[in-house]
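These are the structures in question, set out in turn.
One chain, chain A, links the two complexes that follow: it is found with chain B in the first and with chain C in the second.
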Partner chain A sequence: MTVAAGGEVGEFEIDPKRIMVMGVVGGFVGVYLVSLNILLNTTIFSFFAGIGAIMAIMWGADQVSHVSKYGLGTGVPSIGILAIGMGIIATLFGLSISYKLGVDAIGPVIGFLTSCAIGAVIGYLVNRFIGLNVPILVSATLQIAGAASLTLIALMTAVSGSYYFLDMVRHVIDPGFVALILITSGLAILNPFNACLGPDERQSRTITLAKVTGAIAMILAGIAAISSIGLISGFIILALGIALWIVFFMKFWDLTKRDAFAVWCTGLLPEEEE
Partner chain B sequence: MDIILEMGIVALMGAAATVAGAAEDLETDVGSQSNPNSQVQLAPQMGKPHRLYNKAISGEAPAYGLWCSTAGVTAAVLLGVKASPIVAIALGSLVGAFLLGMFAIPAHLGRIASQKRYNQPIYLDILRTHVFPIMGHGYVAVFATLVLCYILHYMLLHPFTLPLLALIWGITLGAVGSSTGDVFYGAERHFQQHEFGTGLNAAFSGDVVRKAEAGLRSSIDNAWFCSKFGGPVTGLTFGLIVFLDNWRTTVFHPDLGYGWYAVGLGVLIVIVLIMLNFMLEKYARNTYGPYKTLEEVGEVSA
Partner chain C sequence: MEVILLILLLMIGGILVTAAVHFVPVGGAPAAMAQTTGVGTGTTMLATGSGLTGLVSAGFMMESVGYDISNLPLVLASGAVGAMLMICITMLMGNIVYIFGVGVVPSSAKVKFDPITKLRQDLYVSKGTEGHGIPTVSFVSGTIGGLLGGIGGSLVYWTLLEINHNPAMSGIFAIGFFFLNAVIASYNIGGTIEGFHDPKFKRLPKAIVVSTVASLMCSIVAVFISTGGL
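Let's look at the complex of A and B:
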């Protein structure tokens, strides 16, 4: 392929470390603010986890865009699917082991750390034995796995109204909503870079699209939450997701107009380049 | 359940799957998703700006997994509040189709905006005219898949929940559309100005047809072309997969202790299909001649 996957390697409009900190802190704050549900014996604070999921998705999408620029010989979607593959196993392991040990409250942290560890091992093995020799691969797979795990935890928390393993099993896994959460997380993380792929891809536009797909993930979590935690709590997540989607999409449209060669209502083909 | 009734249900599932496959393929042709999209993506780089829809959501398989599982979750939520199955499936599919639209618009805008240096403009009329056929075909595909999953869960009492079945069959549908339909959309349509049988030489990369019978070609013209053969054949493939897969467990029902016979029949079907494919390829090579080497041809004409 002669097409460059994205903009130049190593050039950032926004520092990836800043996005990482925003993703980790935002994701965990969102998940743990759902503790208000337990304190106040309600479910209406579940929407915080949805916002946390958007932050984690931004982080994951940013890392996907950096690692994909090396042209791994695989499609961008593969990386997203790899991410949720690494994430879901580690997440469920973390949540269930903390339940077994009787420390449910730290389940999300254990899941997140396990996922990061699996990501780092996979990145190391790929670099070492398949010989890709991509300098950022270990750090990227570690971060993508972490972001995927945090996204899954946050969306499952939003749907079940709690980050306790038994609640998740009852509200997310038993009714099969986990199927939607799994594939939504994957697409929300992989789609921003895949959809903006091209030589004039810019990080700010890709990140904005990550917010758009994150808001879509929140909308879908809201639909599932209507059934699991009640009409009002679910509707809050759904309505907030739709509102955020509109705001972020308008921002994306502005950035598209900024970056595009031209936006025409209609017209013939431009002059061909020789 | 009576075997005659169950056979009828399996046939109905096969019919629904056929509709789903055809609609899925045509949707990805209007949207130019999947493998041939890389040629649409390359065209401006080769100095050939176009008026085609360039939609990259992901592979067709994960994308259809998402639309179908969304529809499945919405339908399950509605069925949970005792909505009628038809209403639940219809509204669920509507949400799935809206979701497809929500992903399709930024996918087109993002890819075209990232091709600034090749003078590829964003045509808003292309966006306006293509998004609704995309959502419409997507709706039909998701609806038919959900009907199939509903029958599987509520009538044939499959142990998996509706969203999970929708995810699995959605991924299967996308995979079938990607593997079967793309050939007709890509090699047959995008490269029809090249001599038949010359293969897709690397030098032709991005040289997609940009002019139509009259005026400039849009992706809706491609759906018109593909609806003649590519779409129906995709539908046939998915319909056969669904029908044959459920037919073998209807004939040898696992509940009656014939589970391993069903597995054996599955293996037999695969062997028969491999043999049929072999015979078809042999027939095609004998009839249309073997592929010629460069020495035999002398020089490449195209």
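Let's look at the complex of A and C:
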């Protein structure tokens, strides 16, 4: 185990389990509310998936912050990149297999569960054979992979207006928006802790930054959605993303000032060594 | 039978990527300040940069010759050349900055004499640093890394295309596969490595074990990804 990346291990302002429940429930509710699109034969309800993505990103970023405090030796981005690597593989599998079985509706659930399984196995292998010796690595990689998969599914649903595999292939994968979504999801999950780490890192500020990056992901999904599902539906996602970004960024700015105060007051170094 | 062959090819691709990363001189954040040998960025960034260039060049070759099995060597070679070019240009530009910008001599702190040029290294390592720049041995090692990574990446891409016949889907899956194996290698080398002469290179078998299991799992999953029926 190398030097910790900052902050205290094992102290939480918000219980990680609560954030996990929020991430899973919020993510799935967001994705499945897009069913309204199919029921009412429209595309304007796609924005629910964007909100679901923000919830999943919060969960992923929170787990990244917990595991990175142990010091991975390779920097925070590696775990985010690993997460979307596992996430995209499992997501494509889940959506594809449910389409082949003729039950498209369970695609997101299969993708999510597969991602969690791949995450747990890789976490175990890395701990066991490579000897990273991070006690929470298995649970963390499991949750980060799950969050990454849910984020990818939610953003892809927002852009394609449906969680059906063929719609996603037509609207997200073939035009190449999937590459944009892949890298945006990765950055949204890894950036919050990467930007906030240090001795004064606090969970509430990191989580707020995760909401900010989530809103940015939603804005980008909105721009992609304008070209894939139509001007009005895309514009709703874009406008909501911008509104949420402004709200969350103001909150983040307040928290930054709150946490910076303690550093500001530490005083100057003595001029001569005594 | 054919399915098992496809899974096997995907696994070989994944293992090649993991092995490739161990050859690339990754310096990480310290190298960005010329305080350790290697290119000043993380493992995943370097591997991804060269791997994706390999994918693009392999895809370009496949577009012009068609994805018949007899063209596989041509596609793999094209991917390898693409990845090697990318990593070589990165290392060359890095060296130009280190030599003419920072003003340091490319030198390795892990060996006393460069195994290829036989030139003395330790005299040129600045005090308080772990070497700097990309010496000849690391450059050669990085090129081998590009070769293996390019072959691995394009093998994965070709195999996936064989399964689902959709270039966009194969491409994005290959990127995910590449990320995963690159990060496994990155955890194994713990952030920085100089190349095949670095003592950390001996850890390679451990990463191969992890990569084999992880790649097997992802390959089994990959066979089911297509827009066709079961």
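We adopt the following convention: the second predicted complex is superposed on the first by the 256 of 274 C-alpha atoms of A that agree within 3 Å, B and C clash if a C-alpha of one lies under 4 Å from a C-alpha of the other, contacts with A are read in each partner's own complex, and residues count from 1 in each chain.
One rule holds in what follows: a contact is a pair of C-beta atoms (placed from the backbone, for glycine too) under 8 Å apart; a residue touches a chain by one contact, two chains touch by 3 or more.
The model shown is predicted, which means the values in this text are computed figures rather than measured ones.
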First (chain B), second (chain C), both or neither touched by A:77: both
Chain B versus chain C as contact partner of A:218, first or second or both or neither: neither
Touching partner for A:205 - first (chain B), second (chain C), both, neither: first
First (chain B), second (chain C), both or neither touched by A:189: neither
Which partner reaches more residues of chain A (counting touched residues only), chain B or chain C: B
Which of chain B and chain C A:100 touches, first, second, both or neither: second
A:55 touches, of chain B and chain C: first, second, both or neither? neither
Chain B versus chain C as contact partner of A:176, first or second or both or neither: both
Which of chain B and chain C A:24 touches, first, second, both or neither: neither
Common ground on chain A, meaning residues reached by chain C in one complex and by chain B in the other: 2, 75, 77, 81, 174-176, 178-179, 182
Partner chain A, residues of chain B touching it in the complex: 38, 41-42, 45, 47-51, 56-59, 62-63, 65-66, 69-70, 72-74, 76-77, 80, 95, 99, 102-103, 106-107, 109-125, 160-164, 166-167, 205, 210, 216
Touching residues (chain side chain A, partner chain C) in the complex: 2, 72-75, 77-79, 81-82, 84-90, 92-93, 96-97, 99-101, 114, 118, 121-122, 125-126, 129-132, 165-166, 169, 173-176, 178-179, 182
Interfacial residue positions of chain C with respect to chain A in the complex: 28-29, 42-45, 48, 166, 168-169, 171-173, 175-180, 182-184, 186-188, 190-191, 203, 206-207, 209-210, 213-214, 217-218, 221-222, 224-227, 229-230
Residue numbers on chain A that touch chain B, as the complex places them: 1-3, 6, 75-77, 80-81, 174-180, 182-184, 186-187, 190-192, 194-202, 205-206, 209, 212-213, 216, 220, 223-224, 226-227, 245, 249, 252-253, 255-256, 259-274
